[in-house]
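Heads up, the next two complexes both have chain A, just with different partners, chain B and then chain C.
Entry: the complex of A and B
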């Protein structure tokens, strides 16, 4: 026995194994101890099944409104949904606005150029939180009060409670199939258009890809709408008064002041950064490209849309990825202006239940996932526009 | 030999580490017993660090020079008087509704006296211990005087502004659900934001603890911004009082009995003006025990509060420098219009809830 033990130690092969096993065991015990102590002391997740406790109706989707009786985990998920529903629109609008301003800054018109510069320098140099306060507590708060019924009667109302707009309303239980059908229709239409355009390129015969694609999409949309027995209809907003005399909006959809302020602020702020990215990317396209296309007889519009912009796109996408992720993260500031995004919803849970670490861990996870999704989408686009 | 020596030393280090962790793991349960005794910490530091509210007239107003006013701040000073015999040995720290319990748990403050409601979940989950209630409050709702609303039950379909993260949110939610009423909630992080929303008609009503609404109603009127009325219903129980960390019973006892002592002092008619005379010649055994002196030539009784770390005569310093419960209330809360007579905060002798267990 003693010899066997000394053999273990005296042969270089077995000795290495012994040391490996001992060190590995020690590391495993330390790791288990750390994980155990963290989980037993800090990661008690029982609180997430408790009721949320108070309602939050600042969401733009009825399904994402937090009810007092919702369990806390559902509240947090709805909060994450509210974050996404402001970030998606903010990214889309700020990209569009940023493109316009970025191009305006390169225009030959000196007034347009200066206006663009003024816009960029204003919004880029102000703190986002200040912009949010400016709109939420300054501009929009001084809008007319709800009882004045200002807006387009029966169609759209605006007041310092928010904006009431026409919206779609499900009329039967199968309504959710229709949006899916629309997606399928769009995919089919795009496929048909592509096939016909490829044929046109090959054979030279006029195949009318765009007309075909559009007709297929509209046709499928109408047919599925009828087949599902008119699953959705448009509802128009109205101002109603309760018995006690309190005014509120009914019908349509209500965009609360918190949502509007957050959306407007994020859009203005990030469009300023995106405008600079657009301008830089366009300037980075070699001037020879413009000259060459001009000598080939392209018009100014064709030169820009067919030659410069596609090449600029290739340069701007990695930088846009950054801004989109920033927009996602900075949307958390909207908790200060009463929009029920994830931080606001989570803070209430922290205040009632006190489980700060666990709740914030959830926020980390949500932002890691959403930012990775943004990255994934942008990387896919990037791959598609790069030179192959 | 050299290589062997190195291996042996690695082996020794690993074994030692293992031992340390095994011992630490076995000692895990004892760690709770080794919690700091805040009373010792406070005495050693030489001053008391007290978490108070920064912006609520009557309860806690933190001045730029670090001093504080209000009922909550007075209880901080009373504690300092009890421990050090000097009410000025207290450092005030702002505690917001969002960070108050973290401040307490992180030992950045010794005691939290900041209009904090005693609830079961805070008591149990947050490991906070509550000293006696110093003010019985409750959620109320305030509306514009011109709205003609006379009761909370008439608020069906209204929009209500509430400070975010407060227990008022839950109180309003429960009350409206129980009574089959609907409402929309609009929450803000600061009272200033709510005030603007209320004045501009973004919300029809403003809900908060009644003690706070009184102050807001007063300033809205004095700034000529809005004429508001507080509706009669009280939607919730909001007992406010000092809180300390759990498993810190010596310190908890000191906090508890300083508050109780001030209540007993009022019941017995001991106040800052007569405390010296009372101590020299106590009228009865209750006063003698309160002030830590002997009755009728007898020896002073030892109550054991603070286990000898603070003098047995601590209530003399408290009453002399701060006064009894009624004096503190009158100086701070009556001044902002919170009438005591007839409210829950009257002494039990007068039909209120302010009552202390006996000090003996």
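Entry: the complex of A and C
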């Protein structure tokens, strides 16, 4: 028996089989145990049809505000929508700010570079949650009260209740067709632009792809706007006083403190990281490229936009992909400042209904999907900017 | 891209030439200079005005103990002091062995010691009461409210209150804590001197391995020492440091094991390591922390056993296993950077695979990714702030408690509180990032051009 065992262990073939079977079985048992636990409360997904219970009105999009009467599954979907609506804007803003700071750190002006370094070192070394707390429980709470009407009168107000901005308002029931029409118009315009540019490359005739694309987009947008009988209009915010003497905003869109704090903190925090990525990838572009373009008579601006930036993009995009996924995941911290994103909504549901595993499984799936989408978009961009 | 010289020229004339060449060489650059000098000056002015004249540092000054150890039992603080001495001594010895010159370090220690040890002398706090009258307008009616507002005033010996507060509470009035602080500085200086004496043998593997072993043993020692105190009273910066230390220690070894699992010759180990790493990295840390907080009996007996552990230990568990998944990816990068020839050479020398990895491959792999590992540790340190989101009282949560509990003493002092909390987090991660870049230049990783 003992001999048999030592034979089993000392022959590489049988050893591999033994290890694979033992480890594989153990891993499979753990996995099955987890899946079983999730699905043994299961087939108890009934809780998701129950009412959500308490309203969460902190979204930038009115449609994403969670009502007390919403079923729980709708609440969770709206929570996911709220996460996405803060992440998309945070990514856009922090990329823009990060590009500016990253370029500033490489400017030929020693004072500007030091300011950039100060910015990066400050925000990179602070916890994101601290920045969020600072804005949510500090800065925005100490803003003036609503009745002082601070801001640009009739256009934009800021107070300790949040920010009121001009917004679009639907005027008839078919308004939702218009955004869809805009997407279709954009696709058509891009297609026309590409076809004309290809023709220009083939024949050498000037085809004005950009002009054509832009005018087709604007034309389709206007035509569909008119055809749908003016589906949307701009509403401006104003401060009104009710009969009982209470002040509130009317019209426009109100961004809650949670949303603004989350957006501002995510933007500041991730722009510091993106600035470092931008700086690193611009520095990685061989210096000969700049010298060559200077000797060809390019201006400083042309050198940067036509020669350096496209090459830096190639290096930057994989790192940016990583950082965007981090931004997506770190947006969950906004639940600590009461922004109604997916974790906050899910926690309420867990508190009320107690279905921890199913609810957290949903969060998990949402993050896997959103991260996959981010990485798909970034990989597509990556494919387009790589050398062919 | 940067073409300016960073070395400051000596004479005034040279300075003007330098400024003309670097700051005002083109019209655009001159405009940039004016704008950035202007905004920097404005920032500096606002900051100085705030720190010196506007801020009320009293709330910070009186709560310094809360910022560092929270409500740790008074007569058990010797445990923390022992930990502080161990850490400080080990840092000093290590620095002494590997740093080049000792004099600037000793001078810096002396200056800081002089400031910290004299700053708190003669300091006193008192609460001043002011009568106030407020006119409140609501719902069209005016009301006059009178009352007594209490304002906390730091009565200082010689140091201005802002200096006292911004020194992060290290400045202490004379007493037993003062003596202990003096001993800390003595340890910092003496340890570096001892290290200097040892540096003669720094290429000796016994010294190297001894110091390494002490560093590895340090964290379990600190944690084991806390077992006499209920984990409920681990609070504030101390809690952050404790969770961070445990997270660093275990996540490194878990990461190492997972990275080795990824390149294992057995597919079952490979698949389960990859599966673990990908699953853990898919969800945010906060979600894992909340999951560990809320878990009761959902996962059957395993979940029940897990949920019966103290929350702090569960959190440490999450930090270790979450950090491990990230460290594994970093170490994998290092393993891939070791040339194939190294493995082939060690195999042809007849080393077993354990010997090959322990003696040849892993030392090179880990050496290549030390800066990246330190980067992960910085992220782990910043992540300790998340404990505030799961009702553990870390520095951030403590600051919220201080703010909400004492608004009657100094209302609106949130700015001062958050600045001090931010400094506590910032200083540690900044020092760690400096350590990372020092390691990078010392090890010659990532050099270009």
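Keep in mind that, in the parts below, the second predicted complex is superposed on the first by the 333 of 388 C-alpha atoms of A that agree within 3 Å, B and C clash if a C-alpha of one lies under 4 Å from a C-alpha of the other, contacts with A are read in each partner's own complex, and residues count from 1 in each chain.
The definition used in the following text is that contacts are C-beta pairs under 8 Å (C-beta built on N, C-alpha and C of every residue); 3 or more make two chains touch, one makes a residue touch a chain.
Being a predicted model, the structure only gives us computed values, none of them experimental.
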item: Partner chain in contact with A:68 - chain B first, chain C second, else both or neither; value: first
item: Touching partner for A:7 - first (chain B), second (chain C), both, neither; value: neither
item: Chain touching more of chain A, residue-wise (chain B, chain C); value: C
item: Which superposed partner A:54 touches (first chain B, second chain C, both, neither); value: first
item: Contacts of A:127 with chain B and chain C, given as first, second, both or neither; value: second
item: Which of chain B and chain C A:29 touches, first, second, both or neither; value: first
item: First, second, both or neither for A:291, with chain B first and chain C second; value: neither
item: First (chain B), second (chain C), both or neither touched by A:201; value: neither
item: First, second, both or neither for A:115, with chain B first and chain C second; value: second
item: Contacts of A:145 with chain B and chain C, given as first, second, both or neither; value: first
item: Contact residues of chain A, present in both the chain B and the chain C interface; value: 19, 22-23, 26, 33, 37, 137, 141-142, 244-246, 335-336, 347, 350, 356
item: In the complex with chain C, residue positions of chain A that touch it; value: 16, 19-24, 26-27, 31, 33-34, 37, 41, 106-113, 115, 121-122, 124-130, 133-134, 137-138, 141-142, 244-246, 282-284, 287, 290, 329-330, 332-333, 335-336, 343, 347, 350, 356-357, 360, 363-364, 367-368, 371
item: Complex interface listing, chain A residues touching chain B; value: 15, 19, 22-23, 26, 29-30, 33, 37, 47, 53-57, 68, 137, 141-142, 145-147, 160-161, 242-246, 248, 257, 335-336, 338, 344, 347-348, 350-356
item: List of chain C residues in touch with chain A within their complex; value: 1-4, 6, 22-23, 25, 29, 32-33, 36-37, 39-40, 138-140, 265-269, 271-272, 275, 282-287, 290-291, 294-296, 298-300, 302-303, 378, 382-386, 388-389, 396, 399-400, 403, 412, 414-415, 418, 421-422, 425-426, 429-430, 433, 448
item: Touching residues (chain side chain B, partner chain A) in the complex; value: 7, 10-11, 14, 17-18, 21-22, 24-25, 28, 97-98, 101-102, 121-122, 125-126, 147-149, 154-159, 162, 164-167, 169-170, 172-174, 177, 184-189, 193, 196-197, 200-202, 204
